[in-house]
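Consider the two complexes below, in which chain A is the common component and chain B and chain C are the respective partners.
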Partner chain A sequence: MTLQRRLWIVLLLTWSLGPLLWQLYTSFSINEALVTPFADLPQRWTFAHYQAVLTGDPPFWRYLFNSLIVGAGSTVLTLIIAIPAAYALTRSQARISQVARVVLIGAALFPYVLLFLALLEVARSLNLGNHLLALTIPYAALSQPLAILLLSSAFRDLPIDLEEAATLEGLDLWQKLRWVLIPLIAPATTSTAILVFLFAWNEYPIALTWISDSNLLTLPVAMARIAGSSIYSVPYGAYAAATVLGSIPLILLVLMFQKSIVSGLTSGAVKG
Partner chain B sequence: MTALLIPAALLLGLVFVVPMLRYVWLSGHADSVLTGLVAIPNQGANWVRLLNDARFWQDAAQTLRFAVVSVGLEILLALAIALLLDQRWRGRGAVRALTLIPWALPTTVMALGWRWIFNTPYGPLEQVSGLLGGPALNILSNPSISWLATVFGDVWKTTPFAALILLAGLQTIPSDLYEALKLEGASAATCFKRITLPLLQPYIALALLFRLAQAFGVFDLIQVMTGGGPAGSTESLALYAYLNAMRFLDFGYSATVMMGSFLLLISLCIICWICLQSLQRRLGRA
Partner chain C sequence: MSLSINNLGRRIGDRWILRHLDLDVSDGECLALVGPSGCGKSSTLRLIAGLDQVDEGTITIQGEDITHTAAIERKVGMVFQSYALFPHLSVAANLELGLKVRGCARDERQRKVRHVLQLVQLEDRAALKPAQLSGGQRQRVALARALLRDPQIYLLDEPMSNLDAQLREDLRPELRRLVLQDKKPVVYVTHDQHEAMAMADRIAVLRNGRIEQVATPMQLYQHPDTLFVAEFIGRPQINVLAAEQGVVRAIRPEALELRADGLPCRLLHREWLGSSQIWQLESPAGTLRMLTSAEQTVPERIAIGWSEQLEHRFNAENGQRIKG
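So, the complex of A and B:
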């Protein structure tokens, strides 16, 4: 490997991970060390920030748990609705699927934060506020464009003979989907699932306006709340500890599902 | 068969179409604390107010500036990262996974992290500047530069996405094209200009359009990192709409701001599309 390339790689990793490593350093530092980093301190490391975060009210793992519920629920709901729709789209007339593609791409491009006020009104009138699982409804809806586009391109790639053979065997539509087609698109389903999960885990404006009960906050909202209202009184040490704890599950997820994430993000770009 | 489409269509209608219709209706009504939170038709007064609202136009300019600068930087950086990851070297897969991490984290998680990194006087940047004998930077309290800090945070988080799209584009380019041109004695720079850029162009357009639309709706980062300050200098349109609804409790006007933002975004997309098309024609001729 050339020296020049090695330099670029180091630069890239510093750029990507540097800010996170700084948070890691902050989370283990006592406040004096943060305020005067070059002072000669006898002891500069501490677990106190983690202790404060983990024994808070509610304890930090609660937010992780809430986000996990919302993420898992949204993923399941999205797939239940998107898989049949994606299949129907690949088997419908070219004109219909063409129009549907344009509509879905438009919806995927739409900055959904602009929808929050009307969605909040829906939540109020249907009494959906402060229910974790209620969040899965808008999340599943916002995930439909991506999910349908990814899954329908996977269905399209399956050979049509396979389906005809299944029909000759006397399988009805449901059996065909359940035993033949859905198992074959498993890679695309995994990609979709992980992308939807990440979206639901990270979503902020809707969770911010729908949930006010501090025991039900999802991770992104809880993080923003730690910041409080003043720029000057943010407890950065505790916050950094929360950053580290909140990042670990996502970092593991990215490292484990790297291939699925990459193929999910790029298959749309390559084919469309 | 079409019955299978119905649940998805209903869900999309509920979350995209119903809100937009609701905004059209609300933007024609006064609905705020002053009216006792009852909607009263006000004959387009919201729209007149929007056209004369200096804060709306300032936020529109700020949002546009933010979106254009951060997406521009992102694409350049993403191109460099994609070119690096497109070459063959050991550990490439691991590095690609690590560069994805910023994209996967919730925006709010690092938004406060940036606030700490740019903090005056205790943040690392200030400390280093102080150590080198430099002046206090006051990045987040200086209205003329604090928006650049938000651009930085946005570029850090969203570059991996653009890089992946461009990398996917690079991998569709057959390598014999390069070999053919190299046989003619062309330099690496010529190869880049004659092969890479033209063939990558649709992917750049895709990443550009997608990221521009998202950057135009920026909310999480601004709300948490600066709260729109100092002096409203980093406030985005989405944040202004949010403040109108949640802080000023003026739902009629908030809906009007959202509609206005949406119309501006559509015009921006159309302008971009036309520019890209003409650029494509020029590249095609060259």
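So, the complex of A and C:
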């Protein structure tokens, strides 16, 4: 490894990890240390921000839990719809699946923010406001295009021989999916699930407008409230602590599944 | 007849990729389908398995018309060219899956899998994944799966084309013994005429979706119905002379012999095969292949001839054999 390459790596890591490390630093620093970083303070570290966030009303873990529910619910709902849809798409006539693919790409590229006022009307007329699981409906719908595209390319990469062999072994459609096809696209399913989960975890406008009960807020909305809790100052420490806490589940998730995320995202790139 | 195919046809768009196919295979008989790629041999197999729709004609197994029966309900044991083993399952699980969905009890399943693994000599590989097996072992697992299906008919689609030559030769008698032991019809697709001759009781030669000839390997070799069959069956390839008055004459390389009064030739190339040798000769009649004994030395002046009874004669127009 040349020196130059090492330098590039350090630069890249600093660029991408720097802000995260700064958040971590901020979350453990007392306010004086943030404002005067070079001052000689007797004590610059504190857990106070975490304490404040975790003992608030409602406590912070409540938002984490809400977001977990919404994220998991959206992911499950998305996959339940997207897996059969993706399979059907790969097995339909070439022309139908081509048209469907173009439509799906169009839908995936559509800026969903343009929809949220209309969605708000829908939520109002169907009484979906202030229900955590109701949020999973728009989330799953908005995630469909990307999920179907990713999963259908995974199905397409499976050799047709495998499915035919399963048919000759006497497996019906459901059994084929259950025992052969779904297990084989597991890497793509995992990476799709994580993308959907991330979307639900980060989503702001819909969560902001559908949920008003402070016990049911999701993380992004809750964090925005912390940041804007006072008009005179920004509570950087508390905000950073909330950010760190909110990132932990995602970091764990990605660490746990990093192998299948990588193999899922590159599926179809190289024929095995 | 236990497999009977009548006037079978398959169309893609307006093009018939297979048409007017008639075949009968009896119990305990191995029929090989051979032909160049795209001749329709694999399509025929897929129609018998029910993986593609039949557009014309009928398929009957054990007297039962299955032309339009769904693939899942046909009892066929198929070995795919790619083996099509489920990569996420162990060898034992691969074999058990079909039994499980067909409603076989757990104890019975395990007993059957143990038995078949013994049969294909893979008892010690039951827990491995397909990727951990060699090509020959995978092929045997695929065969074991077909055997466990307890099928009415065996279909083998180029089962040995992914194996090296030595292994193919070793496996041939074993494969033949295993698929024929329960006295079911066997249809064996291969592009390799040599393998077909070694494996099959009868061979059907296909060309452009039609059958050229169905016969025993010996009949095909000695009495080819068409010039195509004569050229396809037998290596080194038969010598085909230029057409004269609407007749094409063809002579097997081993029928050529040195004759003082024969065609004068020049030796182009000599291939020594150990027990025999092939001479490539330039003659007034074109390039000829001659198969001769290993001991034969190259004379100073080469002149060759052949006995007229060993000549095959074909109509230059349509390639059909001229009888008598």
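The rule is short, and it goes like this: the second predicted complex is superposed on the first by the 254 of 272 C-alpha atoms of A that agree within 3 Å, B and C clash if a C-alpha of one lies under 4 Å from a C-alpha of the other, contacts with A are read in each partner's own complex, and residues count from 1 in each chain.
By our rule, contacts are C-beta pairs under 8 Å (C-beta built on N, C-alpha and C of every residue); 3 or more make two chains touch, one makes a residue touch a chain.
Keep in mind the model is a prediction, meaning the values are calculated, not measured.
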On chain A, which partner's contacts cover more residues, chain B's or chain C's? B
With both complexes superposed on chain A, which partner does A:117 reach: first (chain B), second (chain C), both or neither? first
Contact-wise, after the overlay, does A:3 reach chain B, chain C, both or neither (first, second, both, neither)? neither
Is A:102 in contact with chain B, with chain C, with both, or with neither (first, second, both, neither)? neither
Contacts for A:94 in the overlay, against chain B (first) and chain C (second): which applies, first, second, both or neither? neither
Tell me the contact category for A:39 with respect to chain B and chain C: first, second, both or neither. neither
Which of the two partners, first being chain B and second being chain C, lies in contact with A:161: first, second, both, or neither? second
Name the contact category of A:20: first (chain B only), second (chain C only), both, or neither. first
Listed in rising order, the residues of chain A that touch chain C in the complex are 159, 161-162, 164-172, 175, 179-180, 183-184, 186
Applying the document's contact rule, which stretches of chain C touch chain A when the two form their complex? 49, 51, 71-72, 74, 76-78, 80-82, 84-88, 97-98, 101-102, 145, 149
Contact residues on chain A for chain B in the complex? 1, 5, 8-9, 12-13, 15-17, 19-20, 22-23, 26, 34-35, 37-38, 81-82, 84-85, 87-89, 91-92, 100, 107-122, 137-138, 140-142, 144-145, 148, 173, 198, 201-202, 204-205, 209, 219-221, 223-224, 226-227, 231, 234, 236, 239-240, 243, 246-247, 250-251, 253-255, 258, 261-262, 265-266, 269-270
If you look only at chain B, which of its residues touch chain A in the complex? 1-5, 7-9, 11-12, 14-16, 18-20, 22-23, 81, 84, 87, 89-90, 93, 95-102, 104-117, 119, 122, 124, 127, 131, 140, 156, 160-161, 164-165, 167-169, 172, 203, 206-207, 209-210, 213-214, 216-217, 219-220, 223-224, 227, 229, 238, 241-242, 245-246, 251, 254-255, 258, 261-262, 265, 269
